[in-house]
Structures are given as structure tokens and as C-alpha cells.
Amino acid sequence: MKKIVTFGQIMMRLSPPGFTRFVQAHQFDITYAGGEANVGIATAQWGVEAVHVTRFPDNDMGRAAIMYLRKYGLNTSEIHLGGDRLPVYYVENGANARASQVIYDRMNDSFCTLDEREFDWERILKGADWFHFTGITPALSKSAAHACLQAVQTARKLGVKVSADVNYRKGLWQWGKTPKEVMPELVEHCDLIVCGNSNADELFDIYPKAGDKNSWVSTMKQVMERFPNLKLALDTKRQSISASHNELKGKAFDGHTYFKTITHDLHHIVDRIGSGDAFIAGFLFGYDYFKRDLQRTLDFATASAALKHTVEGDFNLVSIEEIQRLATGDTSGKLSR
Amino acid sequence: MKKIVTFGQIMMRLSPPGFTRFVQAHQFDITYAGGEANVGIATAQWGVEAVHVTRFPDNDMGRAAIMYLRKYGLNTSEIHLGGDRLPVYYVENGANARASQVIYDRMNDSFCTLDEREFDWERILKGADWFHFTGITPALSKSAAHACLQAVQTARKLGVKVSADVNYRKGLWQWGKTPKEVMPELVEHCDLIVCGNSNADELFDIYPKAGDKNSWVSTMKQVMERFPNLKLALDTKRQSISASHNELKGKAFDGHTYFKTITHDLHHIVDRIGSGDAFIAGFLFGYDYFKRDLQRTLDFATASAALKHTVEGDFNLVSIEEIQRLATGDTSGKLSR
Amino acid sequence: MKKIVTFGQIMMRLSPPGFTRFVQAHQFDITYAGGEANVGIATAQWGVEAVHVTRFPDNDMGRAAIMYLRKYGLNTSEIHLGGDRLPVYYVENGANARASQVIYDRMNDSFCTLDEREFDWERILKGADWFHFTGITPALSKSAAHACLQAVQTARKLGVKVSADVNYRKGLWQWGKTPKEVMPELVEHCDLIVCGNSNADELFDIYPKAGDKNSWVSTMKQVMERFPNLKLALDTKRQSISASHNELKGKAFDGHTYFKTITHDLHHIVDRIGSGDAFIAGFLFGYDYFKRDLQRTLDFATASAALKHTVEGDFNLVSIEEIQRLATGDTSGKLSR
Amino acid sequence: MKKIVTFGQIMMRLSPPGFTRFVQAHQFDITYAGGEANVGIATAQWGVEAVHVTRFPDNDMGRAAIMYLRKYGLNTSEIHLGGDRLPVYYVENGANARASQVIYDRMNDSFCTLDEREFDWERILKGADWFHFTGITPALSKSAAHACLQAVQTARKLGVKVSADVNYRKGLWQWGKTPKEVMPELVEHCDLIVCGNSNADELFDIYPKAGDKNSWVSTMKQVMERFPNLKLALDTKRQSISASHNELKGKAFDGHTYFKTITHDLHHIVDRIGSGDAFIAGFLFGYDYFKRDLQRTLDFATASAALKHTVEGDFNLVSIEEIQRLATGDTSGKLSR
Amino acid sequence: MKKIVTFGQIMMRLSPPGFTRFVQAHQFDITYAGGEANVGIATAQWGVEAVHVTRFPDNDMGRAAIMYLRKYGLNTSEIHLGGDRLPVYYVENGANARASQVIYDRMNDSFCTLDEREFDWERILKGADWFHFTGITPALSKSAAHACLQAVQTARKLGVKVSADVNYRKGLWQWGKTPKEVMPELVEHCDLIVCGNSNADELFDIYPKAGDKNSWVSTMKQVMERFPNLKLALDTKRQSISASHNELKGKAFDGHTYFKTITHDLHHIVDRIGSGDAFIAGFLFGYDYFKRDLQRTLDFATASAALKHTVEGDFNLVSIEEIQRLATGDTSGKLSR
Amino acid sequence: MKKIVTFGQIMMRLSPPGFTRFVQAHQFDITYAGGEANVGIATAQWGVEAVHVTRFPDNDMGRAAIMYLRKYGLNTSEIHLGGDRLPVYYVENGANARASQVIYDRMNDSFCTLDEREFDWERILKGADWFHFTGITPALSKSAAHACLQAVQTARKLGVKVSADVNYRKGLWQWGKTPKEVMPELVEHCDLIVCGNSNADELFDIYPKAGDKNSWVSTMKQVMERFPNLKLALDTKRQSISASHNELKGKAFDGHTYFKTITHDLHHIVDRIGSGDAFIAGFLFGYDYFKRDLQRTLDFATASAALKHTVEGDFNLVSIEEIQRLATGDTSGKLSR
């Protein structure tokens, strides 16, 4: 993969240090995050040109956001300035039986109020291998949904493969349409989706067939029948023993074969947010890197997600070598001098 | 003064530590601020019951805000929970010729979207000596302006004195009416206002009369003629030599006599935001404390404002003793063991 | 439970950040702590009016302590100012096989030197559901012990239930009497105690009867016979695998039935100090909330104690919802968006 | 100015926070710095494409350096990876009569050990308006000096203007040649130099002529006679009242006219390091921006240097608007809302 | 000077960072301080063997104190372990008109409760040039006063010169005797004292003679007549313009001649605590170093005190070179590379 | 053991706080480290006089290093000042499957460039029980290797026992000789070595004999035959489950008997660097302390190493009591009040 284009909102992420609760906090650590940008940033670590399309306010908070993203290798040349505010989300880090807590303040920001005609998708997508978005983008506002549809259509026209994380967040979707009205039209143009059974139910009214042994494969088969452009479906299975201890494995289905990985034991967790995006980034990158060997690609993607749990912030700042060491079985974390 | 009631928006204030610029920041220090609450908090340090009326979101960010205010002595029992978001403002600390910078993200928050009928002003204002608001409250939204008017009318009815800082901020006032349509009706019920010549011009179309020696007194005379309930007008004169070095003096006019203070040399400044509120708080408190001796009251108010420049955050966390030491002429800052 | 009154010393707690040892420390994090206040603060999070009675020095260190407690919802109106010093305790956070270390500097402080007649217990206890104290209070000084006795007697007179954590700390008790001379008179007025077998031995010379299957129940039966006002005895059982990994379960006995909870696996521990107080707070609160359903009350109390291990500082800053989620079996710590 | 190319060593700058002395330090704040990169970064804030040429070790310390520079807008695509180490300099912040202290650990690093043939100057300099270097680059190593000469020669050949800060640091220059042997050959190709009287003496054996009223102009005239390509000479005059208080003014000479600015009063100073580079950056940028109006250019350059004293780190992170406000006479540092 | 012995209490000094007020503090910076130890530490920076005699509790807080002192070069081999507590003092840093604030918690500590016979003064003082104490030591407790007297008597017997800062702090002196009963017996053995007019009045009932032009010299003459061993009297004159801005000069009298220094302008002040001790240390060191040239010694002492205002904490961590630069007139604080 | 002498390079260790990656770091925590000094520091905690011989630059960075070491009890009187630079190593803390990462910048420093004749080994080693070095010292430079040989020879001559950790690091050894040429001559004089099978292979070409049941014992027997002065061989066996979870046990062989310890479960790890040195320190100290009871000595050494995993930085700042508690079986980490 040489170039990826991602589109979506990027929020400033404010977290009290360590295990401090919101009500105890005197300081916030500042990072930035967004499902799509997380994918772009991860691939940028591995040498990919990652162009992210979004919109920030035209003030020093917007400029600070751009600088932060640029540091981690994102191509920020397609970020527009305009609108009123930088969106924020607050993250409180859990431990053991106390869950991490997230509070969003993302509406009416510069991204939600973008003008759906302001992006020149033909120019932006030119030469890209993949375009990636998540189900959050069309949920945020009408203009964001429309811009996303244009992007997806342009991608298909230009032969750019399309990937989507069909992430359904009930609390969003306040602009007038339901996800069932919007998402199918977007997924129609996708080559790859990350989708669990509950998403398939909520977005497409598709359920596993009674009698099918593997319920996720059963569902994905039907999803692929409904959307013939779809060639790959992915998912992860997370077992949450506590906020400090999870187990994770990856799943993929290419319409014919079901692939899965070993179970990664994640203990103790530094920061699990963004691990889903690290998984997708790993898959999109590995697909090319491992010449469409789906098992190796899935192993790489899942190891990428596993390592994300050791990095603070939403971004998966790990190298190909670090992921490969884990993907090929070395979990030792031995000191590297 | 036994009890004061204040009404207005309270924002979370996020500042990079020290002299760090926004684009360099990795952390924000968290404090809270609001023109009216600043007045309440200052008087609470001096033993006054300070009730603040506002609205926060019903989540841990809203609860954290309440806890913070409660710590500094504010009576938070009249704070409502509801609406979508906690407002934020970002403060970058300047030095020398580099100005401090403030970026607001305060619209559509839980305060702006309050229901104008949700506060029981008769109960809240009962027993209060003063009700205080600023020109920012009616600027924020229609319902905030309406609630403010009710508060002011109820105060007058109950014999609670009304104080206003008729602070005109052009960028606000987006809800449909202009300040000239709204402010006079509010000021009509005031006993005391903080008002400079430019405010009088922008809000009331009142200018100093040609030939009057003291232009501010000239203007205030006319303002008091227009609003017969008004008994006191206040203002401060700030000379900004640099972001680190200011000079400040206080002014008062009671319709007859013009009072002024010595000039305080403020060097170097720790944090000047909130000094206007510290001035008002000092005046409202001193008015009673010094048995309406306006010169001593003004000296106290101005010393209160001067000391605010030495305290981090918007709140003037200084004692009566500290202010009196300065108000009566001791600027030495000698170590107190 | 609408109102609880607690009485005891509150210390400033100074801890090096993270796992820093005392000899490595350049900074201390400041929190506050006291066995009884910890109980009050926990219940204040759940909406209870928690009045704490104590004494601080009349200086800015004393005022800082009050502000801190007020932030977390404690009613501080019965805190007296006087005496010479704020007590301090130093906490070094252990890990794995290295134990946490606590160094006390609590003697001769403003609490120890209180005047036993300075508290108007009738007024303070009016309308309270519970009065709570620990065995540390009478250990600190003669006047503290006397004041505690008055409080207990007044509570009984007013029909306020009395709860005690009969915590025996050998190193204290330097004022002339032994715990065996003092504690029985206090426990006589108690409705509920937290007491293990070793406490029963050290304070009351009561041992399990040979042949009784459950030695703690055997002991508690005898304790209840000796103190007929006692209706409830509680205890926790902690298995310390390492400083980072504990197991915890709760026990209760009502004179007839023995209740116990599942074992909570606590790994990894953020801060275990105050978990005993979180247990009591949970029990006193749950007793009413669950309408004297002792099993649900005990489950709630133990889940409250378990969650305390995830919160920095002595105070159990967790919500009813968070506790209930764990008390009813969800240990997953899943991200709550 | 559309594009500038700079060449030189970039060091990691490690500073104890605040006014902590080296022997007291427990932490270092990490920034990066280099005389030439400082110029590039400053102009990048103003929209210029700033390409910096240097060499870092091929490890995560080198990558961290690149990320940091990229954040602040430097084009890092011409930075090579190789060699053994990242150079470091330690900065202790002075106050009042205590001087700031700098300790260098910059030798044998990846830059000093570069291969003089590894940079393709024709490609790098293409389209540039200016090439800028300082006297430190040729002082560091033979290969650095040779590469610098190639760059300068190529620039002249391509019609790229050349600027040099002929900074003489005695302690460097250990590779075999003296600055008098090396610098003249480099300055021969320059269009602009920053040079004081002592530099002219040390590097070119040129002194002011007895009887000339303005000794610096006298010297610069002779320097320009010796190096006919030179069209502009610049200098600043700094009066050091204390480490916290300096006065600064700018000087320029174009072979005919002597220009100077007002004296800026810098009090109190946040960080003076890099102000010389901020001066040059301001001049190179202003030269174009003000269409060769040398007085306005010099005013802008000097205001740029003055503002640098308010920004932490070597980089002058200020906007054109901020500089212009000061350059045109507003020193007030008034809060900008 | 080869060896100095000092005797006195050392407190842990806890300060909120920057200009944070006590009630705002979440963290304390930890340093250590004591009038006598400050003198020892300062001279240790200049190569003197500085032995400090004190007593700390036998726990990790006591050991942390020893380690801290040892770091800065104090010979800690004569520090005893015993007693109950480490003394603490809290320092809040003032600015401008807001005074710094100090709260002591120093009584009943391990030093106050020392056994007056536990120090082997003959062995400790052997080979010392000076023994130094302050008026605080005999004020703290009876046993401290007795031990101090033994030290002073032993010093005289061994020919070790004795220096005292006759610092009168009213709030101390609670052990039964007044300073007028205790101090003269101690000063009798002194060769040098730091003493102002108010001290002379409070401790010795000595006042300037009417008509004497220099009132301090007048007083000191009489003090020296009363205590014939006294050969030198010192004092500083501080003008406190604000907490951020002081002026300071030094004074000395040798029974015949009056010496004074230039006035140092101290602006802005980082930390003024300990500057008196830095003055004494400078004098005791300079006395030898400058071969009893009293003017150079006084210049050095005063420059030492002036530089102390730029160093955080009580200790004067500056070099002989830094002091000499200032003492000989260079106030520029120019960057030293 | 009364006195130990160690010889080797000491680096400043710079680590991003917590789990921050290098590329994310804004600050470094400063500690110091060196394999040999780590051994000295650990024993200094237990009352041993630990003299370390090394060389630092003659500037405030060198002085800061000395102060740091002196704080933790090292006798620094044999540290020389000279040379150009303080060596640095950067440590990034791993978690779970992400390995910790170390980047060295240690060459050409003041230690590497020492003059092999500058240390007076006879005087330094006088009265020492042990001289300890590691395989890193002779690897760094020719003069370091020569000085080490002199030290070892002098030790043997004076009857000082010699201990070596024959640590082979391929990346070092750039000065012209291979370890096989240098190490045997040094080991010849050793009484004790820490050596694993791979070291024996790489340094001495010694492999386990086929058929021998315990391969390490097999190898060590041959090593001891080759070096007849050798009386003790030690090793640890570490099982790295993840960066957060290791298992560790100790092994010893005295030529006749093989000793081993229980396996310590290390979870979660705070900082594992320096645990090998903590093991050696524990052994050298315990050898005397337990009167050559090798099993108890090994148990102590291994518990010392286990506890090191709970302490930040390279130094094992734990007490004899803490180690003994673990060495005798108490892993509970129970709060010690």
C-alpha cells in the first residue's frame, strides 16, 4: 500500500493522568483521536502516505491539532480550516473492575458543519490504494454523510478500494436519517468491512441462519450476498476479564474461507482505545505487504491491535518489526538493547 | 454582606502550564471560571454566603465542575443538571510584548440551553443582599437573557440590590437581539454598574459632554439620569505596559462625588484574568464592611483587583487581611512567617 | 440513609507519585484521609448528608484541608479551628513483593488536643441515621476518647444508630489508658461493629469456642452476648498474593445468620488504602437502600471495597451504579461510552 | 519568500524546568534546536516552505527528532539517517544576576560524521529563494565544512540568494582548519551576513577605521568591499541588564544607508536562546514581504527577535500578526479574546 | 576555611509549585532547610568540609533527609537517628504585593527532643575553623539550648571560632526561659554575630546612642563592649519593593571600621528564603579566602546573598566563580556557553 | 563485607515517564546507572562502604552525576573529573508484548578516554573485601581495559577478592581487541563470576559436555578448571512471559554443589533494568552476612534481584529487612504501617 485516504472527525482527547478520576483531575494530557485518522496514522508509521480529510476551526486550537497530526506523519494538506470549534472527548482510564469512561463533546464542531461540496475528491483520491471511513462519519451530520457518499462513489469510480468500519453508535445519528437509511448505500461501494453480528442486525437486518455452525460467518455470507462488491469481512473478538486484562483474537472471512488468529492475552493494558483502528490499519497494510496471504495479514492485523493496548493515546505508534515479532509468536517483551 | 446571588455561565478553563503556547502544549491545567461566579467565589473567601445559579451537563464533567466550585466555598445547591455540554475556554499565558490569548468554546452548552422558567428566583434570592450579573449572560442565548431579566425583576421586587458589569462582547450576541435592545431593560433595575465610556456608547448611546473635565464622570452622570435606580458607577483604568507589567487604578461615582485610588504597579503579573470580577467583589463586600465609606470601599476593591494579578486561575483567593494590607499602603510583599 | 455523622482525625496524606520510594521522592501528591471521614465521603458520593466532626489548625493548611473535604461533598460546618498542627501521614506505594509503607506523624495535632467539651453533640447528631467512629479516635488522646464517648452516648439517647470499626493499632494508645479499659464502654452503645477475631481477642478477651465450625461466627456470637445493643458484626477477608494482587470477600453476622460474598480478584491494585472504610460506607448505605436485605447489602459493601482498590487516595469516589454493576456480577470493566 | 533551504546540525535540547539548576534537576524538558533550523522553523510559521538538510541516527531518537521538527512545519524530507548519535545540549535557565548556562555534547554525532557527497544540492536548492547557514556548520567537521561549501557554490550557481550568520565559536573548530582559512571562501558567495565588529575582526581581520563615526558601519563597508557579492549586513545590539532583563535593537547596512530600530525593553525574559535566529528569519521573510523596504524589514526582524524572548525553546513560534503588532509600536501585550 | 561545624534543626520544606496558593495545591515540591545547615551546604559547594549536627527520626523519612543533604555535599556522619518526627515547614511563594507565606510544624520533632549529652563535641569540633549556630536552636527546646551551650563552650576551649545569627523569633521560645536569659551566655563565646538593631534591643537591651550618626554602628559598638570576644558584627539591609523585587546591601563592623556594599537590585526574585544564611556562609568563607580583607569579604558575602534569590529552595547552590563575577560588578547575567 | 570497590562507566539514564514511547516524549526522568555502580549502590544501602572509580566531565553535568551518586551512599571520592562528555542511555519502558527499548550514547565519553595510569589502585583497594567489574568495562576502550587489568592484578596482590559479571555485548568492543583476547586474562584473577552458558561459549569456547545432566553445571565445572582461582559461579534464569510479567530464579555452583532458589513470580514489573546487578550485590553482601551459607546467600541474592523489579531506575533501593522478608518466603507485599 502506497497511499491511503481517510475521512472523518478528529477530536482533541483530554485524559486525566494515570488512574485519576474526572472529579479528581487537575490536569489533562492532550492527544488527538479519530477512528479514521487512527488508521491513517498507524499506516504512516509503516511508510504509507496517509492523507486525512477533515475540518478544524481557523484558530490556534485548530493549528495545534494539525501540528500534532503532522508530527505523527499524517499528510495534513487536505485539512480545511473553518467552522466554530474543535471537538473534544474526555477519557478516564479504568482499572480492574472499574471501567474506563468516555464523555463526548463532538457535535456542532468544524467537521459536523462542513460544506459537503468543499472537498475535491477526484484530486484527493488520485493514486490511493484505499479509502477508509467509519460509521461515525455519516452519523455526525447531514453534510458529513453526503461528503462521505461522494468520497465513496468517487473512490469506486477511480478504482480506489473502499474500507469501512460499520461502527453503530446509537447516541449519534441526530441529523434526521437513521443508519438503516444511510449505511447500506455507503457499504454498497465497499470492498472490505469490519462488522460484527450486532452491527449486521442493527444496520442491515441480517441475522445468522439457524443451524449454521459459525454464526458470524453465517451473517457475513448474507451481508456479502447483499453487497456484491464486498470481498472481505473482518471482526475481532474481545473477552473483557477486567479493565486491566483482556483477551483478543481476530477473524476474517473472504466469502469462502474463515480465518482466525490465536488469542492474545493482554495484561496489563496501558490504553485500549484505538485498538479496533489498529486492527484495520494492520489489515489494510498487511493485505499488500503479505501479498494477499489472508492468514498472515490477519495475524499481523491482530498483533497490531494487541500492541495498541501498550501505547498511550489513540494512535498505534509501533513499527512493522515490533508487530511482526508478536505476530510470529514472540510475546516475551524482552528488553531490546 | 451576608448573602450574594450570582447568575451566569461557568466554563472549564484549560491553560497550558507556564508560558507554553497552545501549539506547544502537552497538558492543560484545569480550573473553572465565569464572570459572575468569580465574584461569588471571591466573596465566599471573606465569609459571605455566595449562591451561584447555573446549569451543567448531567455527567462526571458537570459533577467535577460542581465539586471544584464547592471546594472554593460556592453554594452550589442551585446549580441544575441538564443539557449537552460543559463550556470550555482556552487560555494561553502571555509575557512581555506577547499578549495572552483566549479561545472560547462556550455556545450550545448546558447554560445557553437552559429553560428560562426553571429557576425559582423568589426562593433563591430570599435574604440576599445583592444579585450580580454581567453583560455576557444576556448575550449568550434568548433563554439566558430572559432568565436574567426575571432574576433582576424579582430582586428589585424583593429589595435585593442589583449589580451589573455591563460587559459588551461583540462576538457573542448571536441569538437575535442586539445589546441595545436588551441591556437597558436590565440596567433599569440596577443599583450599581461597572461601566466604562465605551460601554456607555455601545449600549446606551451616551457620550461625555463636550467641556466636562472628567469625561467618565460626565458620561456616568447621564447614565444615572437615564436609569434613576442607579446609585453607583464604577470603573477601573488599566495601563498595559506589557503583558507582564500593568498599572491599575479604581474609579467610582455616586452621582455626586468622584472617587479614585492610587495607581497600583503590577509587576510581574501571574494571571490578570478575573481582576475585573475581583474589583466588583471587593466593592460589593466593602460597601457593607466599611459602612458605605466609598473611598475605603474603592481602595479595598482596587487592592482586591491588584492582588488578583498574583493568583493563578480566575478566582481571587485572597483574604481580607491580605487585601487590607495592600489597600492601606503596604506593597512590600514581605515574607509572613 | 439521609444523614451520617462521623468523628475523627483527618490527616494530610503525602505520597510520592507512582512507585517512587520515599528516598527517591522529589514531590508529594496531596490528598487527605481519615478512617471516619473516608466513610462520610463515600456516602456523600451517593447523596447522603455526611457531617464530619474534627479539628484543624486555624491557618491556610487547615483551610486547605476543609476545602479539599468540601469538594468531595463532606459537610464541613462542624469542623473547628484551633490547635497547632495538621497531622500528616506519608504513603509509599508498593508493587509486587515490595509492600506499601506508611509513616505517621499524627500526634499532638489539632485533633488530639481538642477540648472534649467543645462539640455540641445534641445539635450535631440531630436527624442523623448513623454515627460512626473507629478505634483510632479514642486511641489518640484522652480528650478525643472522652469526646467520642459523649458522642456515642448522645447518639444512643437520640436514637441515632452507632457504628464502629474497632480497629486496634498498638502503636497509638499512649495517653494512659489501654484499649481494654476504653473500648468496651464505647462498643456497648454500638449497633454495628466491624471486628475480626484478633480484635475480639485484643479488646474483649473473646476467642472462638473450640468445636465451632466457623470461628469468626463463634467469636461474634460471644461479642454480641457481651454487648446486647449490637445487632450486626462485619468483617472482610483479604488474601494478599502480592502488593499488586489481592483477593477480598465480605462477611456479616446478624446474631443468627452468617452471610458472605464471592471472592473479588483485585489485580492490579491502584490504591488499597481506605478499602475497609469503603466497605463500611457501603454497608451503612446499603442497609437502608436495600431495605435491610443483608445479602444485597453485603454484596454492595464488598463491591464498594473492591472498587476502592482502583481509586487513588483514601476516598472511594465511585457511584452507586458502578458498585451495583460489580455487586451484581459484572467484573468486565468494559469501556463505558 | 516561497522556499528556504537551511543546513546544519540539530541538537536535542534538554532543560531542567523553570529555574532549576542542573544539579537540582530530576527531569529535562525536551525540545530541539539548531541555528539554521531555528530560521527555517520560524519562516515555516509564516507559510514558507522550509527545507532543512541534516543527518540523524537511524533509531527512535533520530525519528523522534524528525517528528518534532515536522510538527512545527519543517520539511524533513531531506534529512538523512545514519551515523551514531543524536547531539545534545543542556540549557540551565538563569534569572537576574545568575546567567543561563549551556553545556554542549555535540561532537562525533550523525551530522559531524556526514559524508560530504551525500546531499544532492542541485535538487534540494531548486526553486529556493534563500540558502542559509551559520558559522557553526563549517566549524563542526571537515565534511560538514565541505558540504557547506558545495551548498553555497550550488546556490550561487542556481541564483539562490545566500545568507550567513558568521557566528564564531572558539570552542568548536577542532577539525584542523581555522575559521580564517574557511569562512572567507564561504562568505564570498553570500548576499547577506549577520556580523558584528568582533566577528569581522576574528574572521576577516577587518576593524573600524579610526575617525569613522559609526564603527559598525565602518567595518561593514570594508567587509562589503572585500566580498563584492554581499549586499546586506545585519547585526543586533543587546544590552544585558540582567538575565531577566535585556534591551535589544536591530541594525542593517546596505552599503549606503544605515538603518536601526527602536530599543525593545525585554522584561521579563522567558527564553532568549534563538533570538538571533528569529532576527534573521524575520529579515529574510520581511525582505520579500515588505518589498525590500529595509526599514520595515528591519523593524519586523527585530520585533521577531524581541518576541522570541517570550517563547520557550529555540523556535520562534509567533505569527506574522503578532510580530507586526509589535513592529508597528504596540508593546502592550493586551489580552486578545 | 577547611572545616565548618553547624548545629540545628533541619526541616522538610514543602512548597506548592510556582505561584500556587496553599489552598490550590495538589502537589508539594520537597526540599530541606535549616538556618545552620544552609550555611554548611553553601560552603560545601565551595570545597569546605561542612559537618552538620542534628537528629532525625529513624525511619525512611529521616533517611530521605540525610540522603538529600548528602547529595549537596554535607557531611552527615554526625547526624543521629531517634525521636518521633521530621519537622516540616510549608512555603507558599508570593508575587508582587502578595507576600510569601510560611507555616511551621517544627515542634516536638527529633531535634527538639534530643538528649543534650548525646553529642561528643570535642571529637566533632576537632580541626574546625568555625562553629556556627542561630538563635533558633536555643529557642526550640531546653535540651537544644543546653547542647548549643556545650558546643559553644567546647569550640572556645578548642580555639574554634564561633559565629551566630542572633535571630529572634518570638513565636518559638516556649520551653521556659526567655531569649534574654539564654542568648547572652551564648553570644559571650562568639567571634562574629549577625545582628540588627532590633535584635540588639530585644536580646541585649542595647540601643543606638542618641547623636551617633550611624545607628547600627552605634549599637554594635556597645554590643562589642558587652561581649569582648566579639570581633565582627554583620547585617544586611533589605528594601522590599514587592515580593518580586527587593534591594539588598551588606554591612560589617569590626569595632573600628564600618564597611558596606553597593545595593543589589533583585528583580525578579525566584526564592528569597535562605539569603541571610547565604550571606553568612559567604562571609565565613570569604574571611579566609580573601585573607581577612573585610571589604572583599563583605562584597562576596552580599553577592552570595543576592544570587541566593535566583535559586529554588533554601540552599545557595552557586559557585565561587558565579559569586565573584557579581561581587566584582558584572550583573549582566549573560548566557555562559 | 565492610568495603567494596567497583570500577566502570556511569551513564545518565533518560526515560520518558510511564509507558510513553520515545517519539511521544516531552520530558525525560533523570537517573544514573552503570553495571558496577549499581552493585556498589545496592550494598551501600546495607551499610557497606562502596567506593566507585570512574571519570566524569569537569562541568555541572559531571557534578550533578556525582551528587546523585553521593545521595544514594556511594563513596565518590575516587571519581576523577576530565574528558569531554557524560555518557547517556535512553530507556523506553515496555508493557505486555511491547519490549522495553534501550538506546546507548556511551562512546567517547570521559570514562572511555581515561588515562589508564590515573588511578592509584593500591590506595583505592586497600582494606576492600571485594573488587567488582563487568565485561562492559574492558569492552569500552583500550585504556579502560588496561585500567581494569591493573585493578584486578592489584586486587589479587592485596588479597582483595575479585568478582566479575562477564557480560558480553557484541555491539561494544570496537577498540581493536576481541573479548576472547581480553576477558580470559581478567577472569584468571577472579574468585567469583556471573556467567551463563552463552557467555562461556562466546568468551572461553567452553560448552556443556554431552551427557551431563545439568548443562550449566557442566560448563561451569570446565570454566573453573580453566581458571583455578575461581571458586564460585552464579547465574539467573529468567522466563519472560511478557514485558510486564517475568519469572526469575537464581543458580550457584561452588565447584562441588549446585544451589538453586524457588522461582519468583514478578508481576507486574515496575523496572527490570539493574536486576542482574542487584543479584550480584545480594550475593557479595550475603556471602559474609550469612557466613558463607551458600543457600541462604543465593536466596538473599535472588530476592534482592526480584525486589529490584519494583524499584524505578537502575539502583536497588531496598533494605536488608525487605529482602529477607521475601527471601524467607513472604511474598504478600502486605501494607507495613
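Labels for the chains are A, B, C, D, E and F, by order of writing; each one numbers its residues from 1.
Note that in this section contacts are C-beta pairs under 8 Å (C-beta built on N, C-alpha and C of every residue); 3 or more make two chains touch, one makes a residue touch a chain.
Because the structure is a prediction, the values reported are computed rather than measured.
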If a chain touches chain B and chain C alike, it appears here: A, E
Least step count from chain A to chain E, where 1 means the two chains touch: 2
Chain located farthest away, centre of chain C as origin (C-alpha): D
Same or different contact residues where chain E meets its copy chain D, judged by the half mark: different
Euclidean distance of C-alpha centroids - chain C vs chain E, Å: 45
Residues of chain F touching at least two other chains: 18, 21, 23, 26, 67, 72, 101, 268
Topology of the chain contact graph, where touching chains are joined (line, ring, star, complete, other): other
Complete list of chain pairs which touch one another: A-B, A-C, A-D, A-F, B-C, B-D, B-E, C-E, C-F, D-E, D-F, E-F
Partner chain E, residues of chain D touching it in the complex: 18-21, 23-24, 94-102, 104, 169, 171, 240-245, 268, 272-273
Chain C residues within the chain B interface of the complex: 67-68, 70-73
Complex contact set, residues of chain A against chain B: 14, 21-23, 25-30, 59-61, 63-64, 67, 84-86, 88, 90, 92, 101, 103, 105, 107-108
Residue numbers on chain A that touch chain F, as the complex places them: 18, 72, 264-270, 303, 306-307, 309-313, 317-318, 322, 325-326, 331-337
